[in-house]
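Letters A, B, C, D and E mark the chains in the order given here, with residues in each chain numbered from 1 onward.
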Amino acid sequence: MTNILNEIGIENYIFLSVILFCIGVFGVLYRRNAIIVFMSIEIMLNAVNLLFVAFSTYHQDAQGQVFVFFSMAVAAAEVAVGLAILVSIYRNLGSIDINNLKNLKG
Amino acid sequence: MIHIPDFAHASTVQIIFCFLAFITVITAFLAIFSRNPIHSALYLVISFFSIAGHYLLLNSQFLAIVHVIVYSGAIMILFLFTIMLMNLNKQNEVHKPRITRLGAIVSFCLICIVLILVFINSKPIAGEYIATGEDYQSIKVLGRVLLNEYMVPFEFASILLLTAMIGVVLLSKKEKTEK
Amino acid sequence: MNTNLALLLLLAPFLGFLFNIFFGKKIGKSASGIIGTLTVVVSFVATLVFLLQINETKEAIQIELFNWIQISNFRVNFGFLLDQLSILWLLFVTGIGSLIHLYSISYMHDDENMHKFFAYLNLFIFFMIALVIASNLLVLFIGWEGVGLCSYLLIGFWHKNQEYNDAAKKAFIMNRIGDLGLLIGIFIIGSLFSTLDYTTLKTAIATSSNLDITMLSVAAFALFIGACGKSAQIPLYTWLPDAMAGPTPVSALIHAATMVTAGIFMVTRLNFVFDLAPEVQNIIAIVGAVTSLVAATIALVQTDIKKVLAYSTVSQLGLMFLALGFGAYEIAVFHVITHAFFKACLFLGSGSVIHALHGEQDMRKMGGLKKVMGITFITFLLSSLAISGIPPFSGFFSKDEILMTAFHNNIALWVIASLASLMTAFYMFRLLYLTFFKEFRGTEHQKNHLHESPALITFPLIVLAILATIGGLISLPTNSWLSGYLAPLFSKEVHEAHHFGTTEYTLMAVAVLGGLIGITIAFVKYIKQNQVPAEDAEITGFAKVLYNKYYVDEIYDAIFVNSVNGLSRFFRDYVETALSAAVFGLGKVTNELSYQGKKLQTGSIGFYLFVFVLGLCSIVTYLFLAQ
Amino acid sequence: MNVSVLLIILLVGSFATYFAGDKLASKVALLFSLFALGTSIALLNIYNAGENISCFKFWINNPSISYSLTADGLSIIMLLLTIALTPLIIYSSFGNEYKNAKSFYALILFMTFAMSGTFLASDGLLYYIFWELSLIPIYFIALIWGNGDTEERKKAVVKFFIYTLAGSLFMLIAFVYLYQKAGSFLIQDLYKLELSRMEQFWIFWAFFLAYAIKIPIIPFHTWQAKVYQKAPTVGTMLLSGIMLKMGLYSVLRWQLPLTPIAARTYLPILIGLGIAGVIYGSIVALRQKDLKKLLAYSSLAHVGLIAAGAYTLTIDGLRGAVLQMIAHGFVVVGLFFAAEIVYRRYETRTIADMGGIRTQAPKFASMFMILVLASVALPTTFNFVGEFTVLYSLSQINLWFALLGGTTIILGAYYMLKMYQQVMLGETNTKVFADVTSHEGLVLVIIIAVLFFFGLYPRPINELITPCLDQILRTINKIQ
Amino acid sequence: MNTLIAIIGLGILCLILEIFDARKAIIPVVVIGLLAVLGLDISEFNSPNAYYNNMIIVGKFSSAFSALFIILTIFLVSLGHKFYENHQTKISDFIAIKIFLLAGAVTMVSFGNLAMFFLGIEVLSIALYVLASSNRLSIKSNEAGLKYFLMGSFASGIILFGICLIYGAMGSFDVIEISELSRSAELPIWFPIGIVLVFIGMLFKIAAVPFHFWAPDVYEGSPALTTALMSTLAKVVAIATLYKLVKTMNADISPSFQLIIVIISIASMTVGNIMALRQVNVKRMLAFSGISHAGFMLMTLLSTAKSSGTLLYYTSAYALAGIAAFSVILYVCKTKENEDITNFHGLGKNNPLMAAILTASLLSMAGIPIFSGFFAKLFLFNQTIQAGFIALVIVAVTNSIISVGYYFKLILAMYTKEPNEAKIPTPAVIYVVAVISIVLNIALGLFPSFVLDLLG
């Protein structure tokens, strides 16, 4: 059994991950709907997960994939907390536009 | 060096990779650009599925399944649920100030270019990718690694989740004093 | 024995001072006056003892008490040197001092702060004694500054009047300018010879092989500046006329007889230094001559009785400096002594007049006093004759010798000095005529209360008048006791026995003639023509310039006082503010930065992340792409 | 028995004062300060008997910092100045009522503690700690118990604090740098260092910044007048009487021996700055409307001369500087107290509002006069001894320095007498001015007695400091 | 390891107590428990050990810092007694979450595997997100929570990416293995990039410029006790972790990397101090002060070989002063709507002890002797000069001067202004915490060797 990376090349995975990661960054910066911003962060985490798996294959090592589990757990926890915060903001403000959240400044 | 896929002589795997990559990136973009949050969420689900496809391509079936279950099944449902809860599906964002968009695009381009350039600049990996032939990503192996070597982090992840749980309860619980 | 006696001599007035300061108010005015006087008399007696002793032994008495100031290359002791010069000086300091104390008992009797007056007088005597008996320059400096201080206190004795206070302050500060000169001189001498002690210094100079004459000249010049300050020479003389603000006994004691002669004392003391600096001696002579003329011209038109005497003092001091400039120290000393007698007498006499007129000092408001104030008039007349250089009064001898020395050395200066002494005769008799002759020009009230002063006032007048008359005896042209007495002090055998020839007699005649001319002009003007000096506003022409003392005070004010004050205002208002602003400015700039910086903290997550990404990119770029 | 006993007494005194409560605070403070004075005299005797009263203990291993107090002549004399002035200063405040007196007096004692430590410490860092520590109490004293408009006072005091701190932090860097070189903060080890010209240059200016601000040397004096004016008189006394001397002492103890080459190179500039301070301070003092500000500028002029003396690098200069420091310490405390006495009665510090006091208060007038005279260095007062020695040392460097520095005796007389005239003389003021009370009188009399005693007999001090100054001078001259 | 287990056990105990409705007992039990844990931790100090495949490596460094964290947590939990008075129903949640946060913190300094590191940092972060927005009815708190959450997740993403690249380069998550491999010559560039990304992520956590923007807003918006926690515990944890990461993973830092540290350090100090000057809100001011302190602490990274003791000292000094300061802030602003400086007016008259404690803590932060803040700075400067960065020290000193400006603004407000209202009674707990922390601070100043030499 050959390493599948022989055909694709680890670089391409890296580039894909980087681009995906950057899209996530872009989303965080571009959108002001907090939910979409969260989603963008999920994209970032996913990009990393993908790279983990690719590296796991690259090293032929299970640890990378195990790490993805943790990363997922973290993502889940973050989303839960994030959404809870969002909900309470929505309750108070009736909106989740992060541009409205500029009370703290200066 | 960046390998421009040679579509004429590309192997199946390469074509699949390119296809999946294309889907992933496009849907991710669409998820961000889409005005309707529901659409965003759905695009994101597709994106996640395509990532799962990547996992399958890399022959990590278990992870792919877990990925689908956790992300598409749990996280995105949570998102959708919240969107529904807040009744955001119709909400259209007010036109964003130009400066914000410009900033976003600039930083996107910047970080993209910088990171890609960094990786391009690096030496290409010489030689063959190792293939030990050993099983390293079946459920069995993963389970062993996870519960032997990574037992502590595994347990600790439970603390993480517990913390998140307490946190969410804390944030959502109504107190008696509140009206 | 000597030590104890010297200490008694020194400290008796000081004890008097302490006593009067602390208990003077309680024991009553007369008692404090008497105690004040007695302490000075004690000093006088002690001086006499020393005089007798030194007459026998001919040896200076040196007393070292304890180490005072320690400098790297020498130490300064508290020490006294009682030699011929200091004892001579002590004699008239304590002698005239006693008389003036006595005089003051009566003169100041109406003043509520009489005990303080005596305390200050005693303190003055104490410092004067310290100045005179010092064995080194630094102890001399104690006395030097101390008498300046007492002068300050006494000029401003009536401290409710701010003008008097101004005068006192002026005197102190001008003295201090001189003091700085003296200090500089001391520094140079100290560093050149590693000693400030007179005796050691004298030996050091005598034995030293390669003297730095330039530095020594600078030192001599600096010392001379010090003498100028204390002895009211150009350019530092303007304080003395103003110092007349003090009570008249003060003017007599401090500003005529004793303190102002300190400069002459110091120069005489350090004759061996000045002898080595002929340029400086020339300067001294010129300054002395010019001062004497300038002061005399000013005195011509003054109408304040004490101002006339003050300028006369400046003028006489100028003559003494002229003598010093020619190295004729004993002649200067001689004139100091005679001057002390007659000028003290004149001042006390004027005090008697002022006392009689209840404080009136303007001669235009006097006149005809000889009828009521006989004794005062006679003593005043004798002293005036003495100062005018009419033989056989004491002034004749001393002044004549100065003129003669001047003639031998420098004709031009002789002319100036002669002119000054001619004027002296004129203004003194102008004063005399205006005060004592003709009719009284004051108010009716004053006229009714005219009276001769009490015995306590007239007694010192009489004594001083006698001394002024016969004082010349101590140094007759042919047989000078003084020269012999002072001879051990001077290195050079100068003025080898006045060889008297025609020139000398001619000169003497010229001098006497000059005095007589002055007296005659005054007589013609004020007795014959019955003139009275014009009111202030009516004075015109050169007389006005003279009357206003050549506007020297105004010039000094404009050049020094105003500029310093202007500078002060400038510093205070601009430089201080600017410096302060510079320091505050740093704070302000940071504060402003903070204010501007706050605008960066927009509260927008997008912006925050944008900067985050920028930071990330720049770090990565720098680390991985820039190299 | 060693010198740390003294520090402990002061520190304990400070706490005891605080816990004694508002009513007793002043008395407890006075008691402790007198006790400290007694102890210091006892220590002086022990020292004179040739015994060692220094103290050395390791404190921090790495970096190696030790609790090292060395008492030599210079330290002891500065210590005595501090300890002797403290009871006077405390006693002088008895006529005033202070809110929260316990804190006030506790802070005074604490400040004395810190200042004494500064004079004693022979470990660079310990010294620095005490140096900084002394800043805090005076900050609060000036801030809380000061007078005048609060906002202005705040501005002045904060400026003072930040400014002084700024200077001293650069000194800290210099110390740390020296530590890197020597591996120890101990002064004897630092003395042994052979620094290059360049290093000396930097270290010199780092020290200079700290000291020039503290002393202050122009143009770093801008904090001074305002703070003196705004601080309560007790604070002003502490500042001008003792704290300034910390800077001057440090110049002698630390700056010169550590950076002799630099000191020699910049000698004319430094002396020039000192003398510029003399002239500038005197001239600015002429036209001050506020009594305390005037005294502040007079202080600037005097310390300028002291600094000039110290920078001559001659034994005369150093000795004169030390003598003058002590003399100035006493006289300035006396003068500020006189200002306070006037303030207690007139409740103003504006000179124009005063006048005619002499008629009503002859005792006070005489004592004030003596202080004024001492301040203008009348011979027989202590100040003369110092000033003479300093001026002499200046004349050894260059006669012009002596001449320019000597203007202080003219200008000083001018502004002081002018002040005296305006404050004390003239027509009787309509306002009643009671003569000094017995305790006010006592303070002034003690100060005057000290001034005259050492003015006539400075030998004990000379003997105490000369060996130590010689030692310092030897260190300075070790590299020629 | 035992420490960690004990802490987690304590957290769960806390939840169980809630079930048994023993809310009143929670805080005392937890404080006692934490003291016990502290003892346990100290007992581990001299027995370095690695547990479970190097997942947790207990050594002097980790024990010492863990002890510091535990002490800080004790203070913070005790302060909660008053602070959560009106939130009795949630008290167990609050306390438990803090204890789990502590667990995360301890993990962060004793990790032996990047997985533990990542999980630790996430536990800490998630707990902080929750605590920041825990005042659910306050829009400010919500905003703070969301801002922190968004930016924190973003940073987590970066850290994760960095870890991923490190893994890609090394094929392992074990730090010992990584550090051994990193000495070999041939390294893919992924490794340094990964390190840099993790580094940047951690810079975000310690709020270093230019990744600091969240700090002031979040500090201001969060409930005061949370701010106290963030500015003391969280910051200390982050810097300690960063230090450990840099030290263990990258034995010698390249000069260009050092330059980056120097620049960030300077920027943090300067921006933090300058921005703090014009702040009216005390929490916000302390946030900027924290940024500047982050800049100072970063200086330890320039001489990683020897500076662990210095870092421990600095962080202890800073955190203890912070605790003392925040106790007073909690006391003063308890009944107020905001934490503006005006609330502190006249504190010197109303409550001299509290004013004195706040003054002392501010002086410590400003670096005035004899408070430990001074020694912290001194040791830091000493080490930095030794490493040859004298210019950096000069900048740092200049910054210290600026910092005095705003610390004294607060002091001035306490002592020169008239109080706005009558005296309010002080809860004993706050007194105790404030006094103990400031006494510890001063004690550290008097006996610095005790902490300084702990890590050799």
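Following the convention adopted for this analysis, contacts are C-beta pairs under 8 Å (C-beta built on N, C-alpha and C of every residue); 3 or more make two chains touch, one makes a residue touch a chain.
Heads up on the chains, UniProt names are A = NADH-quinone oxidoreductase subunit K; B = NADH-quinone oxidoreductase subunit J.
Here the structure is a predicted model, which is why all the values come from computation and not from measurement.
Engineer: Sort the other chains by how far their Cα centres are from that of subunit C and give me the top one.
Structural biologist: With centres defined by C-alpha atoms, farthest from subunit C sits B.
Engineer: When all chain pairs are ranked by how many C-beta pairs they have in contact, which pair ranks first?
Structural biologist: Looking across every pairing, the one with the most contacts is A-B.
Engineer: Hey, which chain ends up farthest from subunit D, C-alpha centres compared?
Structural biologist: Here the answer is chain B, farthest from subunit D.
Engineer: By CA centroids, point me to the most central chain in this structure.
Structural biologist: Chain closest to the assembly's C-alpha mean: D.
Engineer: Taking each chain's centre as the mean of its CA atoms, how far is subunit D from subunit E in angstrom?
Structural biologist: Going by mean C-alpha positions, subunit D sits 42 Å from subunit E.
Engineer: If you average the CA atoms of subunit B and of subunit C, how far apart do the two points sit, in angstrom?
Structural biologist: Going by mean C-alpha positions, subunit B sits 103 Å from subunit C.
Engineer: Using the average of all C-alpha atoms in each chain as its centre, how far is it in Å between subunit A and subunit C?
Structural biologist: For subunit A versus subunit C, the centre distance works out to 98 Å.
Engineer: Cα centroid separation between subunit C and subunit E, in whole Å?
Structural biologist: Between these chains, centre-to-centre, one finds 77 Å.
Engineer: Would you pick out the residues of subunit A that each touch at least 2 other chains?
Structural biologist: 10, 14, 21, 24-25, 28-29, 32, 38, 58-59, 61, 63, 66, 70, 74, 77-78, 81, 84-86, 88, 98, 101, 103-106
Engineer: Which positions in subunit B are in touch with at least two other chains?
Structural biologist: Each of 100, 103-104, 107, 111, 115, 118-119, 121, 125, 149-150, 153, 157, 160, 163-164, 167-168, 171-172 in subunit B touches at least two other chains.
Engineer: If I count partner chains per residue in subunit E, which residues reach a count of at least 2?
Structural biologist: Touching at least two other chains: 115, 119, 122, 126, 129-130, 133, 136-137, 147, 150, 154, 189-190, 193, 216-217, 405.
Engineer: If we use the touch criterion from the header, which chain pairs count as touching?
Structural biologist: Going through each pair of chains, those in contact are A-B, A-C, A-E, B-C, B-E, C-D, C-E, D-E.
Engineer: Given the complex with subunit E, which residues does subunit B contribute to the contact?
Structural biologist: 118-119, 121-123, 125, 148-153, 156-157, 159-160, 162-164, 166-173, 175-178
Engineer: Using the touch rule from the top, collect the residues of subunit C that touch subunit D in their complex.
Structural biologist: Per the stated touch rule, the residues are 21, 66-72, 78, 116, 138, 141-142, 144-146, 149, 152, 156, 159-160, 162, 165-166, 169, 172-173, 176-177, 179-180, 183-184, 187-188, 190-191, 218, 564-565, 567-569, 571-572, 575-576, 579-580, 582-584, 587.
Engineer: Touching residues of subunit C toward subunit B in the complex: what are they?
Structural biologist: These residues of subunit C touch subunit B: 604, 606-607, 609-610, 613-614, 616-617, 620-621, 624-625.
Engineer: Quick one: which bits of subunit A touch subunit E in the complex? Just the residue numbers, please.
Structural biologist: Going through subunit A, the ones touching subunit E are 10, 14, 21, 24-25, 28, 34, 37-38, 41, 44-45, 47-48, 51-52, 55, 58-59, 61, 63-64, 66-67, 70-71, 74, 77-78, 81-82, 84-86, 88-89, 91-93, 98, 101, 103-106.
Engineer: Give the list of subunit D residues in touch with subunit C in this complex.
Structural biologist: Touching subunit C: residues 159, 162-163, 218-219, 221-223, 225, 280, 283-288, 314-316, 319, 356, 358-359, 362, 366, 373, 378-380, 385, 388-389, 391-392, 395-396, 399, 402-403, 406-407, 409-411, 413-414, 417-418, 421, 424-428, 456-459, 462, 466 of subunit D.
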